[in-house]
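Residue numbering begins at 1 within each chain, and the chains themselves are lettered A, B and C in the order written.
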Amino acid sequence: MAAVAITTLADVIAALGGDLHGDAHTEIDSLQPLAEASARSLAFLANPRYQSQLNESRAACVIVAPALAEVAAARGAAIVTPDPYLYFARLTQWWAARVRPQSAARIHPSAVIDPSATIGADVDIGPLAVVEADARIGDGARIGAHCVIERNARIGAGTRLAARVTLGFDCSIGERCIVHGGVVIGADGFGFAPSQGAWVKIEQLGAVRIGNEVEIGANTCIDRGALGDTVIEDGVKLDNLIQIAHNVQVGAHTAMAGCVGVAGSAVIGKHCTVGGAAIILGHLSLVDGVHVSAGTAITRSINKPGIYSGMFPFDDNASWEKNAATLRQLHALRERVRALEKNLK
Amino acid sequence: MAAVAITTLADVIAALGGDLHGDAHTEIDSLQPLAEASARSLAFLANPRYQSQLNESRAACVIVAPALAEVAAARGAAIVTPDPYLYFARLTQWWAARVRPQSAARIHPSAVIDPSATIGADVDIGPLAVVEADARIGDGARIGAHCVIERNARIGAGTRLAARVTLGFDCSIGERCIVHGGVVIGADGFGFAPSQGAWVKIEQLGAVRIGNEVEIGANTCIDRGALGDTVIEDGVKLDNLIQIAHNVQVGAHTAMAGCVGVAGSAVIGKHCTVGGAAIILGHLSLVDGVHVSAGTAITRSINKPGIYSGMFPFDDNASWEKNAATLRQLHALRERVRALEKNLK
Amino acid sequence: MAAVAITTLADVIAALGGDLHGDAHTEIDSLQPLAEASARSLAFLANPRYQSQLNESRAACVIVAPALAEVAAARGAAIVTPDPYLYFARLTQWWAARVRPQSAARIHPSAVIDPSATIGADVDIGPLAVVEADARIGDGARIGAHCVIERNARIGAGTRLAARVTLGFDCSIGERCIVHGGVVIGADGFGFAPSQGAWVKIEQLGAVRIGNEVEIGANTCIDRGALGDTVIEDGVKLDNLIQIAHNVQVGAHTAMAGCVGVAGSAVIGKHCTVGGAAIILGHLSLVDGVHVSAGTAITRSINKPGIYSGMFPFDDNASWEKNAATLRQLHALRERVRALEKNLK
């Protein structure tokens, strides 16, 4: 469980704004979902679909949109704000800053730092981290324990790397990014030329360039480019265990859920979303505003914004087996329908 | 190859029980599958379907169920036991304890341990591990080289972490668990509120709580909860490269094969199994005893135990292409069939 | 961006051969794709399909096959060679050797090396690496920062491990291999016997044996065998985030793209390719020369070389929904077609 710290609604409003309906002295000791809230919890209702939870909730106060102000206030305190989910996001940030201990920045004596590296002001470098020659780390960056920052890599101001992150040589990451544990940025892309039944390695001569305010989930991999660079633009959010192959470009503010795979040289637009375990094949492009459903394989370029899907609908195993077996003869079935149609004419 | 150590059937029976048919002095130098067994191997036959392998096997002794006692004894030594596969599992444990060197517990001088951490008796901490403030490590636990145990994390007695595991701050893991290399427990869940075309981070204020006798495979990730905790109950077994998102609950004794992805707030029952690379979408629930086939995407809640599947049946590429193309017009095909039916009436 | 270093076409030809059409003194400062080439770039055209790019490219020189020699030479310098892609691969190797700083081999003083380990000549061991008892590291091998080489593991001559690689106890990797960051070789295979609603661990007594000239991508996992070993033959290339389960055998020169999962005891032939995110179920075999498309689930053995596919064709979401819903009644639809056919006879 996370740490607990008591505050009041007055403090919340002072920090984040919003119209308070109810007693400003009400004490709050936790943020909770409506259904799990206690009498000292602050909860939120972003989706009107869950309005029925409002009356059953024990929350001390609920964050709601204006349309629900009256209903919410009727049951207890309420904070009214145009976008409750956004308010909630900011609230979690404010809350985290309060409850999480902030240690002063320090460079742990066990870290191995090459003298040619440039370390900014207020940089925190964790135990046993390695910073190689000519690396540059911006002001206020936090490098977790066991990170490896290879030669000539660059980290922007305010960026935080969790423990056990590799940033490969010549690669760069911008400002205010968050990189979670086990991430590998800058491994070789997967490139080989076939020759006499074997594979001849194509050295990967590019690097990885990552913009500002990017977040990268645990154990995700972003390979360096073969010739040019792999590029992740500003504000991109990648979940865990994602594979970004060489020379991929991911447009600004695109978000991908866990286990996604993007093959080499794919170009993904801005403001796209990619559902979990979807795959995007190589050498194709998606325009801005494409939304790929979970588990979908994108096998050709998409030139029109929208939602795209391709997932086998699951079923009880017996039903699936029958349908799957028939699917293997689907083309023949169509021919039979065609024959029937001809016959009837 | 693993180490070799000679034993006798008498020793095996003394340690693990079972009815021996044959010479107790028979020497054994390896455990092997029936098909690969040598004249000094101990093998097992759990599945009657493989009975035909019995006569062809060169194994010195075969572990079998009572129904096969006679057949097995006719060809050589046999250990008869009600559940040969379970007997075999226990045999591997006994074998491993014999052949693998057990070093005495020690805290390696290169480990970086905060003085406020609580370290139990007989704890082994490997080279260059990091244990942060207020972490608690139970008696007999083994922390591999390069592990990072963040502040206020707890590890139960007898739990073993392989090299390069991260246990995030405030997270806990129970007793007698095994965590393999590269695992990241407690990275931030993937939560953002959209705002003006960008994503505002929802700080993940929960933690991860893991029960007893849980095993977690290499490079698997279990994210911390957004508000409450992500929960893995007792006896859960997770294979490699699995993604468990924030606030997921996995019921006791559920097992998941490699590359599975479970999205946020999914609630999975007890005694479930999930096949490799299956995905389970977020905010849904599976009752106890649900078995999901490999490669299946679970897109809605399942309220009835059973086997569920949804995998496109593979085929030679030409056949697949024809069927897949037709599939894209399946709805239209149904309309044609409907028209035919109407026509015929 | 990667480092820049100027060379001439004369130097390239001297190192790699090929027929030069044009001025040998032409200076080159980069290798680039045709479309992105500058007036000092060397580019290549391997696929005649992209011939149209030839005239638009600003490349100083283009590597082409004899059939395109005339066309290429008409627009500028050209290197003519029977296999331009292979030539390009060798060129990247030559280029990388020129532009990447080669530090002298050294054993970093912060590495923790057991005195019983055998370290060959010219071995480089990075900061904070751990080499356990009885490990053997061949001549010229390079062990990255934070690697963990467990007891009795073996690394062949000239093999390079990036930062943060685990090579498990008793496991071996051959000569001239490349292993990228975060790889875990030799975690336990996933094996349990069910007993009274819980799972009893089957200790994994085998190891992993990897041949020569194998490349393994970032965060990929290769589990040790249950009884015998997991085997990766010579020349195999594995991309990132791949799961190779216990007792799998991967035949020589087989290549797998990212996010592939191979379940236990699968036997994959030589010269196969497996597309990204494909899965291969356990206890089945693929002959040599099988090519599995991306996203395909191989659920039974394949006895004939060829291309195999099984991916749900993606579509705009509305079309997909209609077709997917119909797919769940496909078997019934076939029955309706059958009834119509009967009716018509």
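Keep this in mind: contacts are C-beta pairs under 8 Å (C-beta built on N, C-alpha and C of every residue); 3 or more make two chains touch, one makes a residue touch a chain.
Worth saying up front: this structure is predicted, and the values here are computed from it rather than measured.
Among the remaining chains, those touching chain A and also chain C are B.
Looking at which positions face the partner, chain B and chain C present mostly different ones, since fewer than half of the interface numbers are shared.
As a whole-number value, the distance joining the C-alpha centres of chain B and chain C reads 26 Å. Multi-chain contact residues, meaning those touching two or more other chains, occur in chain C at positions 128, 146, 164, 182, 219, 241, 259, 277, 311-313, 315, 325, 327, 329-330, 333, 337, 340, 344. Of all residues in chain A, only 112, 128, 130, 146, 148, 150-151, 164, 166, 168, 170, 182, 184, 187-188, 190-195, 197-207, 219, 221, 223, 226-229, 241, 243, 245, 259, 261, 263, 277, 279, 281, 292-293, 296-299, 306-313, 315, 319, 322-323, 325-327, 329-330, 333, 336-337, 340, 343-344 touch chain C in the complex they form. Residues 1-3, 30-33, 36, 83, 85-86, 88-90, 92-93, 95-96, 99, 101, 108, 110, 126-128, 144-146, 162-164, 178, 180-182, 213, 215, 217-219, 235, 237, 239-241, 253, 255, 257-259, 271, 276-277, 294-295, 311-317, 320-321, 324-325, 327-331, 333-334, 337, 340-341, 344 of chain B are the ones touching chain C in the complex.
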